[in-house]
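Structures incoming, each one as structure tokens.
The same chain A turns up in both complexes below, where it pairs with chain B and then with chain C.
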Partner chain A sequence: MHRTLGDPKAVLVLLGPALLVYTLVMLVPIFWSLGYTVMDGNALRGFEFVGFDNFARFFQDPTAMETLWFTVRYALVLTVLQVVVGYLLALLYVFVLRRSSSLVRTAVFFPVILPTVAVALLFQRMFELAPTVGPVNAVLDFLSLGSIDWLGESGTAFWVIIAMDVWRSMGFYAVLLYAGIVDIPDDVIESARMDGASGLRLVRSIVIPMSLPVLLSAIIFSVNGTLKVFDTVIALTNGGPGTSTTPLTVYMFRASFQYGSYGYGSTIALMLAILCLLVTLFIFRSSRRDLTKG
Partner chain B sequence: MSTTRSTRAARRVTPFIALAGAGALALTSCAGGGGSDDSSFSYLGQTQNTAIAGNLEDLGAGACATAEEASPLSTDSVDGTQWDQQMQLLAGQSGLSDISMAAGTPALMNEFIDAGQVVDLSAALEDLGVADRVLPAADSLIKSLYGRDALYALPTELNIEGFWYNEQLLADNGVEPPATWDELVDAAATLDAAGVQPFVASGQDGWPVTRLIGNYIARDLGADALRAVADGDASLTDPEYVAAAQAVSDLGSAGYFGPAAGSIDGPTAENQFLTGGGAFYYMGSWALAAFNDEELNQIGADNIGYLPFPEVEGGAGSVMDVPANVGIPVMLSQAGYDESSEAWLQCIAENYGDVALEERGQVTGFVTESDVEVPELTATVQQTIAEAGTGLLWFEAFFTPEATTVSQTNGGSLATGQISGQEFMELVEAANG
Partner chain C sequence: MSADVIARTTSTRAPSPRARAAKRMLQRLPALLVIAFVLVVVLYPLLWLVLGSFKTQPEFLSEPFWSLPQQWNFDNYTEAFVEGGLGRYILNSAIATLPSLGIQLIFGLGAAFALEIMVWKGRGTVLLMFLAGIMIPVQMILLPLFTIYFNLHLTGTRWPLIITYVAMGLPLTVFMMATYMRAIPREMFEAAELDGAGVYRQFWYFAVPLVRNAIFTVGLVQFFFIWNDLLVAMTFVQSSELRTIQVGLLNFTGEYGAVSYGPMFAGIAVNVIGTLIIYLFLNQKVMKGLAAGAVKG
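Now for the complex of A and B:
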């Protein structure tokens, strides 16, 4: 086997087709897009070289800064909520529900597989104020707290998007972190219990440190996913009201295909890629542990 | 350090990747090409607009049977909210259908014209001897829309806009149809106090609200006021222009558009008006199809009145100027223009007006010879068109695609009074670079 797999020609033949597809589908568009960042125009008008104008424009564009701030804010809040809620659920599964957790796990996981647009429509109806009063506003009216135009104001729209995403993804993170917690050897927990640790002390000193690798993986996974949010926002608010809930991805999409500036759109995409890279590097550096050793 | 076999293999593969990357960078400035299928006469339209496809199919079954036999019609549709994006992509690949709805924003349409993607219809209709089949009013509207001397789109609709009002609701509250803007605001106040929602508009679509701004500007500053902005002689942030946006924002802050106006979409607004949920509904005459539909219209077609956009006291514009447009007209692609397309074009020019009026009660920019009886509202529209002065184009007509998007996405915020006229105009002006 070593003879076959060690032979460079064999490696090329086995890897070649997959590598070709990967190069064509992943790498070529990336470099192509990189080329667009120093150009201006679109497929119809043609392209002209403009140097670093697009980058200068990005940093002076108030809408771009607004979308950048929204992206960062959204990623931070959602990651914290997703991981915390997921972790709490995982603890629930392991320590409270134990064997009977499979039904609850499945039920909570169910929203993960629902189509995003369907969930967005659901939340739109739940939080609507006109033409009919939705359930949330009906409850608020019942409690004499007054109705709120949830999706009509940027502050409340932000929280509706967060609520929708947490509801959708907490099941996934719960299952992911459940797998990490279940991995902790039972005898470690038993001996900790015998030493008198229970409840919060147990979680803080034993469970969290021992499930740290999975926790960090979940955080990285979450941050990367939330920085690139697109379908949730489009389906729920379409970036509105105005551009107050527009993330970088939606702005990039609009700049490229609606305003016809492929160059500027590619620049925004590059900024987003750099942001993701910086955040991931930051998390890796601050963990400072070899995640495989645990 | 000894290099292993796998490192050597990797070293051989790395240059390949680098070459591919460099090649991709070099190819960046190239655009792709495409083709069109010639065995059929292909039509691409918006899913939300079934009238054009329906009329073409009726033509194929009737007056244009010969053209249909030579080159059968095949229709396809795409969602309207992504229309301009789709058209851009198709045009970039030279993949436009033989006949399709035109680009939504005139700026984009002009890019198509400059790139030679669209047939010059003035010349084409002249060659076919049917140039007189297009109404002069429609012809001049389209030409001024794209700022060209030749016709590049067919007027498959000729619409006027104005306030359609629920006569019953006004009569019940002792309100006379207002003739000036101030009277309109007073009427709204009276209706609001009586618990009737004064205005029904789709804040989510945005444009029903921004239309009011454009029309106010035309009434206050004259019919050329928005052209002046496009030519650089005036700015949207000039006080007179801001006053128009502020007038609409004031309506929003007073709550005259109803609660959560930003969440109301087009069909919901129409339904709201047709079930008696509001008094004034600013809309174009393409809504007549719904008004004349007895199932949709629960307040009765004879209960709906037409009110031209009121004049602004002391304004330079005339109330005889009517906001008019040709909907999204229809264009023919240069790439697919062959003999069969010519036959279809000739047949369309000669018969489209009649078919649209007879089958759908639609008023188009084509000359009609039909003397079919039309519903009362359609007759009102036809009469208004006949008596109209200048046709006024809409607020975003001369904006860039970016400014159009900014204007429409912030229209809802105006309807809820969340942003002031000044803020709105600054946003739009900034995007109109």
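Now for the complex of A and C:
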């Protein structure tokens, strides 16, 4: 049996192309990139060995620290909001809309598939102050709260970025978490109801603990996505005003292609990869501790 | 389903059917308001976008945001395509997306078959190696790739985009295809082998048709991933001749100097509506495929 399915030549023919492309375009560049972190220069100018200068420069560079702080702040705030808003929507789908939720689910999912650039340009116009007054400022004017130059100040620009990303991604997290809540066995919820649990209490003591695994993967997914934010910022604020809304990814892009320093760019990219890994491990560890406690 | 549970508990409590219905409506009112609010928040920006794409520059500057366009012609769209070069950007995106998607799906199917259905030593390790690729930030591979493409004199062509998209999508495609292939009963292949089908025949006429739904699903995900990409396109495309639609749209404002709202809204609208249509069309196809599979099974 399985003589044909063990044919080494066929393995090579079927697996070879994918493995070759993957190795040459993903694996080799990763190690290559590690090599760049101890170099200075770029593809056009050539490289020279500088040891650990790039790492020292990273930790002494005030702009790098500012972008690191922005990245962490953004990832933290957005992860909490994405997962909370997504979870509330999922509860709405399961307990309020019930079987008729598919239309609302599809509508709320729309923004997920839209190109970030298009959405960002749209949001720029919506929060605009001059030369035209966008809907958001028009509503504020109407309520006589006074309009705000949303993208002109770093504090408000941060919240516009957050608002746009919540708008764009809540449908995705809602569907992801919806799948987790729907999978809770009906008899568990029914017996909890018979014991007198309803509303908030039912959600807090039955639904949340039972959907914890999906919640955890949603958080890990969200953190890893938000730490790598690029498109949203480039298209919405381009990192400004100044460098106040610049994440690590955008700073890496600038360092590499505007200032032509591949070594420093690779160092920033490595720091980002390490940050993602550490945060993921941290979430895993802390969740396991909670499980053993409970 | 929990819906039955809720319905049953409410029905035992309420006294008469009409009072019950009224009470239930009243109870559901806050929830309905919340749903209406959510739908407005999601759909209003899209409506505003479409209305805006018909407005003229003076309408943008002097009329309030909620005013309807005074004319319904496609002048803004014409200007976006003729002067903004939107058609060229869309074509560039299609030329980059479709071949990378096709190559990626074929390579991924072959690899998944070799890793999941075929029997050989070390296949688990190779599958894990592909899996590791899901976690790597793209930023790590951009600079070495830039150097490689530069030295191979590929800079300034479409090849860097296509090659990078194929490789970046492979980990997820291989992983998902392998998961779907695991679900195919092994007896299928044993029977096919007894009937004298060779390994390539088993791959192309048995495995591939059986994971047809997976091909649509993975294809849909990867299509949007490539079509909406900005980072790779910004890195490897310098000339305005080869710009994809996302990079082109980003530079739309620059070309006119002062923001020319109408054509810009038209450009965004084409990008958004095109994506929505593709999503709705392919999504329906996926659903149909699922239904057909269920009937046959």
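By our rule, the second predicted complex is superposed on the first by the 271 of 294 C-alpha atoms of A that agree within 3 Å, B and C clash if a C-alpha of one lies under 4 Å from a C-alpha of the other, contacts with A are read in each partner's own complex, and residues count from 1 in each chain.
Just so it is clear, a contact is a pair of C-beta atoms (placed from the backbone, for glycine too) under 8 Å apart; a residue touches a chain by one contact, two chains touch by 3 or more.
Please read these numbers as outputs of a predicted model, since none were measured by experiment.
By the document's definition of touching, of the two partners only chain B reaches A:G239; chain C does not. When both complexes are overlaid on chain A, the residue A:Q258 reaches chain B alone and has no touch with chain C. Using the contact criterion defined above for the overlaid structures, shared-chain residue A:L129 touches chain B, although it does not reach chain C. Contact comparison for chain A: of chain B and chain C, C touches the greater number of residues. In the superposed model, A:E153 makes contact with chain B only, not with chain C.
Look at A:G86: by the touch rule set out above, it reaches neither chain B nor chain C. Once the two complexes are laid over each other on the shared chain, residue contacts for A:P247 go to neither chain B nor chain C. After overlaying the two complexes on the shared chain, residue contacts for A:G46 are found with chain B alone; chain C is out of touch.
Judged by the touch definition given at the top, the superposed model places A:G180 against neither chain B nor chain C. Once the two complexes are overlaid on chain A, the chain A residues touched by chain B in the first and by chain C in the second are 6-8, 11, 15, 19, 24, 27-29, 32, 36, 43-44, 131, 257.
Across the complex, chain B meets chain A through its residues 5-6, 8-9, 12-13, 16-17, 20-22, 24-29, 31-32, 84-85, 88-89, 91-93, 108, 111-112, 115, 117, 258-264, 268, 271-272, 277, 400-402, 405-406, 409-410, 412-413, 416, 418-419, 427, 430. Put simply, chain A touches chain B in their complex at residues 6-8, 11-12, 15, 19, 23-24, 27-29, 31-32, 34-36, 39, 42-47, 62, 124, 128-131, 147, 149, 151-153, 238-243, 254, 257-260. Taken in their complex, chain A has these residues touching chain C: 1-8, 10-11, 13-15, 17-19, 21-22, 24-30, 32-33, 36, 43-44, 89, 92, 94-99, 104, 107-108, 110-111, 113-119, 121-123, 125-126, 131-135, 138, 167, 171, 186, 189-190, 193, 224, 228, 230-231, 234-235, 249, 252-253, 256-257, 262, 265-266, 268-270, 272-273, 276-277. Listing the residues of chain C that touch chain A in their complex gives 1-6, 9, 28, 31, 34-35, 38-39, 41-43, 45-46, 48-49, 52, 60-61, 64-66, 107-108, 110-111, 113-115, 117-120, 126, 129-130, 133, 135-148, 150-151, 163-164, 166-168, 170-171, 174, 189-190, 193, 197-200, 202-203, 224, 227-228, 230-231, 234-235, 245-246, 249-250, 252, 259, 261, 264-265, 268, 271-272, 275-276, 279.
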